Amino acid sequence: MNVDLAFDLLLAAALLWSAWRTLATPDIFRAVILFIVFGLLLTLAWARLAAPDIALAEAAIGAGLTGALLLDAIGVLRGRKKP
Amino acid sequence: MIRSAVVILAALFAAALIVAFLDLPPAEIDLPAAVTANMAISGVDHPVTAVLLNFRGYDTLLEIGVLLLALIVVLAVAPREEVAAPLVASAADPVLQTLARIAVPLMLLAAVYLLWAGAHQTGGAFQAGAVLAAAAVLLHLAGLLPGWSAPGLSLRGGLAAGFLVFLAVAAALLTEGALLQYPPAWAGALILLVEATLAVSLGLILAGLFLFLS
Amino acid sequence: MSTGLIFACGGAILFVMGVAGVILHDHLLRRILAFNLMGSGVFLVLIGLAQRGGVPDPVPQAMVLTGIVVAVAATALALTLARRLFALTGGYTLPKDGDE
Amino acid sequence: MSDPLVWLILLPLFWATGAFLFPTRGAWLAIGGTAVQLWLALALAAKVGAGGTATHAVGGWGAPLGIDLAADGLAALLLVLAQFVALPLFLYARDYFAGKAPAFWPLAGFLLAGMNVLFLSADLFNLYVALELVGLAAVGLVALGGGAGPLAAALRYLFATLVGSGLYLLGVALVYGTYGTVALATLTPLVTADAPRAVWLAAGLLLVGLMIKTALFPFHYWLPPAHGGAPAPVSALLSALVVKASFYLILRLWLGPFAPLAVAAAWLPALLGGAAILWGSWRAIRAERLKELVAWSTVAQLGYLFLIFPLLGADGLALHAGGMQVVAHGLAKAAMFAAAGVVIQVTGRDAVADVAGVASRLPVTLFAFGLAGVTLMGLPPSGGFLAKWLLIDAALAHGRWDMVILILVGGLLTAIYVFRVLRQAFLLPPSSERRRVKHRPVAILEWTAFALAAASVLVGLRGMEIVRLLGAVA
């Protein structure tokens, strides 16, 4: 019971920390990576909340597809700015 | 100035929310009990799938509409002149290609499994569609599938099929008395039909959101 | 404190962080990130509160699945517009105007 | 077609998908479908007017397990208005776009479907999905304008609407957490004045979220660029209908489940509405571009809708005033944007000063603009006159002289910005440099604008029907 509680609190703290860093970090590429990390932590949270369907959808759509879309958008950004 | 005002307001509001959470009485309506009581006539064994496609299937129908709508906007607005995305150009390395060749068949298998499993346990059209989309994106990143440009009628048909079939089923069931009123005997088969077409269309749409953009 | 309540409280903080991010950031991609954080916060509150007694509730779980799909649709739409704007103006920020 | 309720939702979804599959057929699918929908909406209004609320339990489950649809007089009125405004605007759009922008048709279909879903739904979460359908379709339509300006406006609008629906959904989450249901009918007996704190927060979140989507002052900042920058048929749809959809939802929740909590806060929307009237009118008077002027006028006219909240009472006067204002402004603003679109197509320019002398070339269009202006100013016998008359009546019944003065001042300010345009068009000579005609005006464009404007005036003569329909509000 206590181990569970500690794990939940730790996971919630990690979620908030990754969200905060996503918003605050100056480098946009790092922000997207942190967002994907946030998505994976959220997947864990859904598992803890006995919601495996959401965990699966979050991992695939929330973190995966959204992350890929964002990374691709940054790719364009860098491609335009470098040369 | 505005910045600190927003931050202070946000913090106060979060505190108010948390205080409100902590003294909530138990809910008066027990909806999970109603779900359990009606599982037998819902056509599936998995409660989340039952809610998603039967009890609140109307929400899901509209949500597929939202997704299709987003795709239509992407098609209308995305720049027509193809800019070769550097992420794609640099990614066509042999390791990724080999990985894609191994992973994609496994992903297809996983999608079929998820679709079939959805009736009884975790899984269903959404997860299956997401895996299909991920497979397409992986192929694209490995340089094995080019980005899509303007889709022809057959591709548009594939993108819209899931929504159209769902819509047609919903309308046809009006003969049973109400929109989306599955007759218990047919519920399982109809839901499987809807889910199977949805999985394919969702896969195409989600992949399309990525591939039409890049 | 149950698992549900812990994540509901986390979700509330996440939500206000996301809203503040959407309001305060200028960079469009960051605003899109913030919007997604906001959405995740709402989903956590929805499930966390409903399951504060510890019993899984399939109804809000289905709602969140719907919400995730809607969020990804909105994200794709926002990214399309942002990328098109980038192609036209070379920047990922909205031009300032005095219409406030 | 047994149940008009259901087909009002299914039909636009079908033709929207059809328009996506067959882009060249989009216009006729839309026009044909909307004509049938108008007929269905009128049939529903007749049914509701005769026998109270019409309902439909989707899936046959019934609330709270399933989702219920319900149509009372208010819903029926808005359904008729939406189809009635959309039909001429689609005829207009067909000629306006002339085959370009094929994405307009599926998006307009999803927009109309989303609004019909919203007017009919009796479930908070289902309403969230409807709000997203409407919001994203509207943003997509704004983005059809193409250039950097419309894109930036669309993005500003998108973030506003997404934050709005985020607040709304958090409110829904709190309601579900507290009561275990999101069905309006089930919630109504549960919500009382001594509800837990979470419900008060939820009510506030729902209200603010929907105010952002309705562009109520001070959340109006996104509206003028979006409505002013979109293609004319899109501006007309958005200004006439889309902002009314979220207002309708505020009213529905205010009169429905949250009525026990609403009394305490009634002054707030009215205060903001008053500010919207003054600030919106002022900006319209100062606006330099024609469509910007019309868009700021929308900000001002929306303000009147929010004046009704402290006046809502058993006599029903305020509700009738609100319903009448929604209808009159919807028709008039659609006509005004349509007329502005014709002027801009013909002159190739967008500045108010460029309207000079246009009346001699486009008499029908300018006459339509003037008629719509008559409604907005509230001159008899227009629908706008009836709306403001009822509103003043309600304010007097509550002894609110401050509101009476505000309504009269608002009418005066409206007259200033309407006459600013008409003076240019009718009295000033056209400068030779501006005489070149870029496009030939198409008769359909002019006459659809005129029909909408005429309807906005004539609806004042049919006020009794509308009042009777609003008598059947659940």
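Letters are used for the chains, namely A, B, C and D, taken in the order the chains are written, and counting of residues starts over at 1 for each.
Quick note on the criterion: contacts are C-beta pairs under 8 Å (C-beta built on N, C-alpha and C of every residue); 3 or more make two chains touch, one makes a residue touch a chain.
Bear in mind the structure is a predicted one, so any value in this text is a computation, not a measurement.
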Both-way neighbours, i.e. chains that touch chain D and touch chain B: C
Chain of greatest Cα-centre distance to chain D: A
Cα-centroid distance, chain A relative to chain C, in whole angstrom: 12
Rounded Å distance between chain A and chain D, as computed from the means of their C-alpha atoms: 38
Chain C and chain D, separation of their C-alpha mean positions in angstrom: 27
Inter-chain centre distance, chain B versus chain C - centres from mean C-alpha coordinates, in Å: 17
Junction residues of chain A - those touching two or more other chains: 53, 57, 61, 65, 69, 73, 76
Shared-contact residues (touching 2 or more other chains) in chain B: 17, 21, 24, 27, 31, 35, 48, 55-56, 59, 63, 66, 69-70, 73, 77, 83, 126, 206, 209, 213
Set of chain D residues in contact with two or more other chains: 125, 129, 132, 136, 139-140, 143, 151, 174, 177-178, 180
Which chain pairs touch, all of them: A-B, A-C, B-C, B-D, C-D
Residues of chain A touching chain B in the complex: 52-53, 56-57, 60-61, 64-65, 68-69, 71-73, 75-76, 78-79
Residues of chain C touching chain D in the complex: 8, 15, 18-19, 22-23, 28, 31, 35, 38-39, 41-42, 45-46, 49-50, 52, 59-60, 63, 66-67, 70, 73-74, 77-78, 81-82, 84-85, 88-89, 94-95, 97, 99-100
Contacting residues of chain A [partner chain C, same complex]: 4-5, 8-9, 12, 15-16, 19-20, 22-23, 28, 31-32, 35, 38, 42, 45-46, 48-51, 53-54, 57-58, 61-62, 65-66, 69-70, 73-74, 76-77, 80
Contact set on chain B toward chain D in their complex: 16-17, 19-21, 23-25, 27-31, 34-35, 38, 54-59, 62-63, 65-66, 68-70, 72-73, 75-77, 153, 156-157, 160, 163-164, 167, 170-171, 174, 176-182
Residues on chain B engaged by chain C in the complex (per definition of touch): 2-3, 6-7, 10-11, 13-14, 17-18, 21-22, 24, 26-27, 31-32, 35, 47-48, 50-52, 55-56, 59-60, 63-64, 66-67, 69-71, 73-74, 77-79, 83, 126, 206, 209, 213
